[in-house]
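The structure under discussion is supplied below as structure tokens; questions concerning it will follow.
Going in written order, the chains are labelled A, B, C and D, and every chain counts its residues from 1.
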């Protein structure tokens, strides 16, 4: 087993001070580990990987890994990534975003990146809350749960990220939790391999800001909640509807293949080139 | 490049309705004068919301010397292809300025001194394409305005148009030129108004 | 049956077959009965307790300093759960080779 | 739509009859721009339209229409980090949306060009009418203290020339450069000469030459402009909008923050003479000075010539660099003239700068118009006669 951590250490920036800034029990570190293992498994070099991150706790993980890392503005990571990918399609561009980042302030960019099918791996670290700014409601905060800006319970319906991504046209949509690390490794690896816009939603607990206010005594309780409620998609589909409402399906939610924007663009350019000569 | 005729500052307005090809005409005329004849030309146009049928306008300031101020202040020549345009812009015409109208569309001119040719009717009847009215107008201008040279305009059309459209456009141009010559055989060879 | 910590390949969670859950186990099922040793970097450990709560062999505990440590005398089953799930990259599980002496860095175990 | 291309009598040049917006595209392509991301907005739309037609035809050229102006800025910053010369074009409301990312480009020192074709505002304002209301926004639009380069152009040939300048300055100083046009300049067609590529200087960002392990991404140097590798070239480092240390990692230590911020100012300020571009007309013996920029400078030019005919010793200082404010050029003429007239199509955004520099030397008069109409030569002449 020792190779797992050693492997991760190989990809960390050792001139950055560890431990990282994230809270005890925060799942973001687990996602980072998963991401590193996926990159390693595919044999990608450090130089060809670009991590583009937004603002928030998720945005902070970019600085710790020894890839090309770009820590952008709140909600706009996908726009930077689009520019990078179109400018140099050879790069493997991974976009790390939080739920508030990707779906509240950046919701429009998210929809359009999925629609254009630009070749990115979008990794949304969904902790159902604005962690870094102190636990305000995000667009994925579940109905009736509490936050500093919903002291009497959230009255609005929340986004289902995978459904949204699928509807917007993302060809590969998957979800896992940080407890289901092997699944997470697998879906991230697949997402990195595939062409086009591939979305992985990682459910990751925020005890500090979300759990505390919503009857989770400890971080571990939140992991236990995942253990109980995250159900593989196949099993989930067999559940009666009333049961489904209480559970969260994980696994590959949808998978199809469409040529990515940069491939289509290159094809268009070669057509123009052909017409000229 | 020496310009065919010394011009201090000549202000021309093409006006009418959207869809009459006024903006295209402005570009073609401006390009011909600037690139083929060597004049300094500043061409501006009205940018309303994009819709056909609304008012349309293209202005050209033409000079043998660099143009400081690109917009017309007092027109030397107003071309009106609609009654509204004629009414609206006639007051911008300078004293002694010229008015050219499509007399199949402009029935009431504010003055008795004007040039009139039925560009739209000519295009429709003789060529079968109402949209060619702007090229008929260009042909007429090439006769009526001494420094707009028919040869240069034709050359301009040849370089800017694809061969597919060239023939019909040149035909329209020639029609305008001939008709203008027939109706107004005695226009001056030098521009005298300014 | 997983030799390491007694879990069955098809793990039952909330009454449903959940093969993906704890998949970490299946990876080590092939490595039969190699005993292993858990090392923890106390400087990196934040004491979240995930490893302690989920270790199938109950090998780990939180020490008086709030950091995780291995309990002496309990055999690690080398399932790797703690290593995969440590958010702070603070845990290393090392396979003990029969010939190797027990000179793994114990200093970290607090 | 480019009107036509014709070989002129000077063989190395092409002459075309083009819109200001078209000239911007020609200038950008000459300067080596290969990436455009934008969102259509009047009166800048032709730039995007022509780019959409031209860029796919050149090697490596990329055009992408984004979902909004925020995304457009994000995309061109990304492309710039990936090694491209990139640009976007917009107008009033879109420019407002871009402000956050302009700050990001300043902080991360991403070279890029933003063309803002000014129209009447605030808000939706006068979409098809000219104005010069974004001058101070271009300087101070993004939050936080920052240094930035703002240029302007007043005729179609200048649109081409200043776009080339904008790219050169942005690459040289690793800074976003804003080119301010107005509806009149952008929508006037004139004959322009497109120079041959080897007849003028094209500057491209300096890349690091040391081995990657020695590379310090934001190292202090005399020039203050660190070399810039493209993503994927082997120099892995962290790019962030947070204040960062020389290695690129976020820092809030006062001494490191201070050092970074001072360098960001110094790298532009110390090369002031390279950035300051102005044009003088009849200034040698002028007693009355007009300071103007953009389309108003054309009216002012005619007014000054007319005033000279009337025996008034008038001169024109046309500003092509608006910021950093060309203080030396303005100061010199202010000392010589008794009256300075600043005509502009806003309520006095540039005259504030002139007054600041004037410091009581001469009388500064403003001539403002905010009704969507250009200030005419007659209006300026009237002021010159009164002065």
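Observations
Operating definition for what follows: contacts are C-beta pairs under 8 Å (C-beta built on N, C-alpha and C of every residue); 3 or more make two chains touch, one makes a residue touch a chain.
For reference, the UniProt names are A = 2-oxoglutarate ferredoxin oxidoreductase subunit beta; B = 2-oxoglutarate ferredoxin oxidoreductase, gamma subunit; C = 2-oxoglutarate ferredoxin oxidoreductase subunit delta; D = 2-oxoglutarate ferredoxin oxidoreductase subunit alpha.
All values derive from a computational prediction rather than experimental measurement.
Set against one another, A-C and B-D show the most C-beta pairs in contact at A-C.
Computed centre separation for the pair subunit C/subunit D is 60 angstrom, with centres defined by C-alpha atoms. Computed centre separation for the pair subunit B/subunit C is 87 angstrom, with centres defined by C-alpha atoms.
Subunit A and subunit C have Cα centroids separated by 26 Å. Centre-to-centre separation of subunit B and subunit D, using mean CA positions: 36 Å.
In subunit B, there is no position where the chain touches two or more neighbouring chains simultaneously.
Looking at subunit C, one finds that none of its residues touch two or more other chains.
Within subunit D, no positions touching two or more other chains are listed. Chain contact topology: the protein chains form an open path, each linked only to its neighbours in the line. Every pair of chains in contact is given here: A-C, A-D, B-D.
By the touch criterion given at the top, residues 1, 26-27, 30-31, 34-35, 40-45, 47-49, 67-71, 73, 156, 159-160 of subunit B touch subunit D in their complex.
Interface residues of subunit D facing subunit B in the complex, by the touch rule stated above, are 3-4, 6, 9, 15-17, 42-43, 128, 155, 183-184, 187-191, 295, 298-299, 301-302, 305, 374, 376-378. Chain contact summary for the complex, subunit A toward subunit D: residues 13, 15-16, 46-48, 50, 52, 62-63, 66-73, 76, 78-88, 90-91, 108-109, 111-112, 265, 268-269, 272, 276.
Subunit C meets subunit A in the complex at residues 13-14, 16-21, 23-24, 26-28, 36, 43-50, 53-54, 78, 80, 83-95. Subunit D makes touch with subunit A in their complex at residues 35, 37, 56-57, 61-62, 64, 66-68, 70-84, 86, 100-101, 104, 230-234, 236-242, 247, 249-250.
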